[in-house]
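In the two assemblies presented below, chain A is common to both, partnered first by chain B and then by chain C.
What follows is the complex of A and B.
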């Protein structure tokens, strides 16, 4: 009774499988890597794209949303100026790495080399049956970077991973290791091309050793027809501190997964996420955060601005293990829904097995506060400007928490520009 | 902050091995053979002397149920249920429906006496006048007796078992049954539609304020039976009714299934208040036995300015899967959900609510308190959504949970979906929202901080308990002292 028949492959699923058949011969890697890729592709073929029946994809029914998968052909992407002058740029033009010389204390190699090094196959595994991004990226990954910062090293310049894409498909992987007490600031930037529709995936792995202090900024500036599937996995050692900033300002279909494990006592995560959503886009930020040992702390603030017919999703799951006493986790998700055609869905989830913890989450969906608007307008500021100011203040607050002033300025300019373009 | 001793003691008092209603009554009964086929359904329908359309409705539901899959998304874990290993009908011998109290087997009456349920009208009259309360007593698959029927009918209120209503008021049943919870709404609701055996029917006509509290008391007695009841409450324009529901079952090593459907319909300006004290047998301290409680409860605020309020105190059942919901269809309608869920032993609770805002200027409020102890798992799962046309929808949600011991789990899974820019949703699951002012006020008067917090939170829990009608407030009283300081999401 109740035998479920497997639905036939959708056009997008077929396109992914065809695409793999087309490029598999050119993908880098040794024999175990090739075997790992085959395994991931057959998992995609078997399970298909995730639907809303999978709890972790509840609001992003990929089977429905991912309609067309572009071929490999692409336009001409070009490297651009870094966000902050003087940054060390690790370019990826249409997914291809370049030879870059790096300062002392930093070790760098391309992911393509890593794939051929004989130890990469173990990295090409999915997180679970619902990990479409891990599967897709693992199967198709062509290049990326792997770098590590030596213990006690403070990297002064901002490292900017700059991926520029003009249509076609780009699948990159990044591995970053930070030694004990190392400090660094990394901008992880992906830019699309306005006129092209591209598909990109990225899987990033961060490993923070004890006492490392890392600021990691994900800046997603896809073109309005681009589809992006990205995943960040981070493990925090004892007393390690990760300040994670995520800014989504583009794309047609975007899913950014963040999986963080607080694995050492005293570890701390700050997540500040700004989602600027306009047009017909669908943007999903999904966080899972594991407090696995005692005395770890985290604070997450997600701010969303929704315009036009945009749809936004935030899923945030905090898990507190039985041994993780004295956990302090605070999560907030605030949305300014400025359009009647827009949508925002939030699922802030707590899963707690320890009895002496402080965990809280809050979620609000509101329009602009009319009292605030009135206050500004009573002072002679036009309604449009007043609204702009309030929206700006709503998101800039999070950016202000960055310590580097050049970065704050660059990001605020970017946000202002976005609001001016869409407001 | 961990739980204080007082709280731990309070929860201990209602621990699973303290279950007071676990006695079994040996009573001769008519039981259908085990298993579920079309014949079982035909037999139930025949026993109930149902009209033909009802039988067809059931058979249709059964066909659809066979194509459905058991849901697995809830955070509950139990061995697969063998739906063919259950008796779908069991009734005390000689009883096929409610009759006069004098015809009821004295053994049966003693059961209710033991449970403290007043079945004799005069007894209550001799007691406190104002707490007059009409009871529909459902024993396994049948309604045994319904009290105060005459007095209620003078006011125009129809209160009877649903089997009776199908015979006496088929037009009402036909008009409303399945309009809130459609036949194929979910796996258990569909099963219920196919095999439901009894339950209560309430109809409050236009402009009538029901003169007394109505209540149904469910008792599972027979071994290996499932109880599938169906309740339908309709409040016409401007009507008001308060309805209470209680449930208990004997202590047994096997698990028993309870899959109910409750439908509420509130028309213009009507108000329905539905309260539950759920105290099914929770299993023993090793997690053996207990009731599987899979319930679909939904209220439809169909008319403008209508209001539906759910209040629940959940302490029983091995597994609870229950989401009393409100569909806020009428403009200016309001939905409320107040819940205290306490899990002990190996109990698993996955409960919460849904507030679906469809009409204009609708508002809803959710207050949920979960307390888990022992090896239990307690999940709040709630959905709040505003439809595109639901302008000015408002929701406030607060859910707090408290863990006692480190072998249990507390989870919060809210789903917040806004499709309208004028919607205002606030969800919080935190203790920091205890007003600083209140705390300061207490501290300034020399009350130590912990006591002050307990005082404030107790006041708050009391507020939820006060939503219960007086009769049930007594039963819930033992929970009042439970303080929730140190709550976690």
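What follows is the complex of A and C.
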């Protein structure tokens, strides 16, 4: 008889389980929801945190990296001004939603209500045995928002989901549905507190019906001691278009998963990701993209600026189903490595079962271009300023693709500030 | 204004000597043309004046207004009023042209202890200068030099020169890649900057540019040295007879 011995729980694993025991009585939801939570927690207890032996966590050994799990206690987080003035803000202060009135064409409810409505249990399932984020978030989720945009509606103002956290634990979930031909721009923003060390998780589900056109911007501004585990799942209907921007600009340990399914013909994904990495941080962006039907297209560009001892990871998996002829997928990962002690790992992964497709991927690691630097300096721009302009330019090129000029300006200012603070 | 004394310089990376004992003096108010066959060191000279660190000066000196500039980096030289119009202006994606112009103008002002330009004042200056060079304002909305045609890039160089108002302008083959109309616009732009307290060094292969920007002196560069100097008739002579005779006479 073989006896498989499981390694003992790490301090972090123990803290997660203790934490659950502590809060389970206060978590919202009916009996099926409670049962779903229990199931997810026992899966965490059984399997522990993922290690590098799991392919999808190979570059982010969570069991080693996730060290301190804070208690529920926290500082006082506060709502801040939206990124773009005039945005419709859906605030989450320390993970708690608020009552917000919304314009016509938009329906909104808190995730807490959804959890209590009896419909939520089926949503609290993990993607698979390696889905630690789904497990953790499903077990602990307290609140969030669920909203839907009616068919043919164009939501003019930017919707800003604004989560502010000051230490402690925050676990939120979001569901956003976009009806046929609906258009909207959403800023999904998470801000931490400099002086606090918090743990947060978020699971977001986007459903784009046929012809919907959505710009979704994930803006991660964690404090330097924060740990962030986030996952976005999106399904694109026929001719639906998702422009997904990810900006990572903070955190001690960050994993952002993006799982996108191009499920209807003519669907298109643009992913633009900017990773600003400094200090002693570890940031992982993991994409899985399924081209599941014929005639779908995608383009992914990831730009990384690496300073100090920061480590970054991009895993980009593109799957092309056998029926998905005429798929066109272009993926690029470019890293500006500005420190000898920093590192970036890029892992493209193409699984192609159709024969008439175009799939390309490339990864580059570069330093500041000498010719560019000389040109700027020959115009009287000091070396420091010139370098700053070039680093900014390297990532601003992606931001410039956004159509909303206010948004471009706000994001470029934010990036400029980050580089000034860390450069 | 510019005194180059027995200059020797080589490529930093492999030690190849390019400039071999070059002497040249350009006075304030003077337009000096530098001509020479391919590989004579013309572009290298322009880079060395601007301070590119791919080249090492091994001997001699460059005096600008009586002071050696060898220890200054490119931005310090530019702030002192040295401007190089590039033969091949580089495209810099992600850096907006207007932002670049504003940073450049203000950094130079700052280095000279002057006050920074306010935005409306800056925009007015750029618009006026762009109009005289027939530069479409839409061009200025693009990233620096990105998607500019050859002629647009050269006009953009002259625009920068106009806005930065240098004392010593070095034009490196500004005529290459220009059609006749663009050549006229660019030349007019340069001529408008001629003044008693400004010197211009025009590096060119062809006499054609010198019909528009008429030089006070012409210098023939060969093998990293000036082998003959003269007035504007020297350029005409070169156009008619080529370099061979002069090179032979100097040998």
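In this section, the second predicted complex is superposed on the first by the 419 of 423 C-alpha atoms of A that agree within 3 Å, B and C clash if a C-alpha of one lies under 4 Å from a C-alpha of the other, contacts with A are read in each partner's own complex, and residues count from 1 in each chain.
By definition in this document, contacts are C-beta pairs under 8 Å (C-beta built on N, C-alpha and C of every residue); 3 or more make two chains touch, one makes a residue touch a chain.
All of these numbers come straight from a predicted model, not from anything done at the bench.
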First, second, both or neither for A:393, with chain B first and chain C second: second
Touching partner for A:378 - first (chain B), second (chain C), both, neither: second
Partner chain in contact with A:183 - chain B first, chain C second, else both or neither: neither
Partner chain(s) touched by A:79 [first = chain B, second = chain C, both, neither]: neither
First (chain B), second (chain C), both or neither touched by A:55: first
Residue contacts on chain A - larger count, chain B or chain C: B
Chain B and chain C footprints on chain A, overlapping residues: none
Interfacial residue positions of chain A with respect to chain C in the complex: 370-372, 374-383, 385-386, 389-390, 392-397, 400
Of chain B, residues touching chain A in the complex: 1-3, 66-69, 73, 388, 401, 403-432, 486, 488-489
Complex contact set, residues of chain C against chain A: 50-54, 73-75, 77-79, 83-84, 86, 89-90, 92-95, 99-100, 103-104, 107-108, 111, 143, 160, 164
Parts of chain A lying in touch with chain B, wherever the complex brings them together: 1-2, 4, 55, 58, 318, 322, 325, 335, 337-367
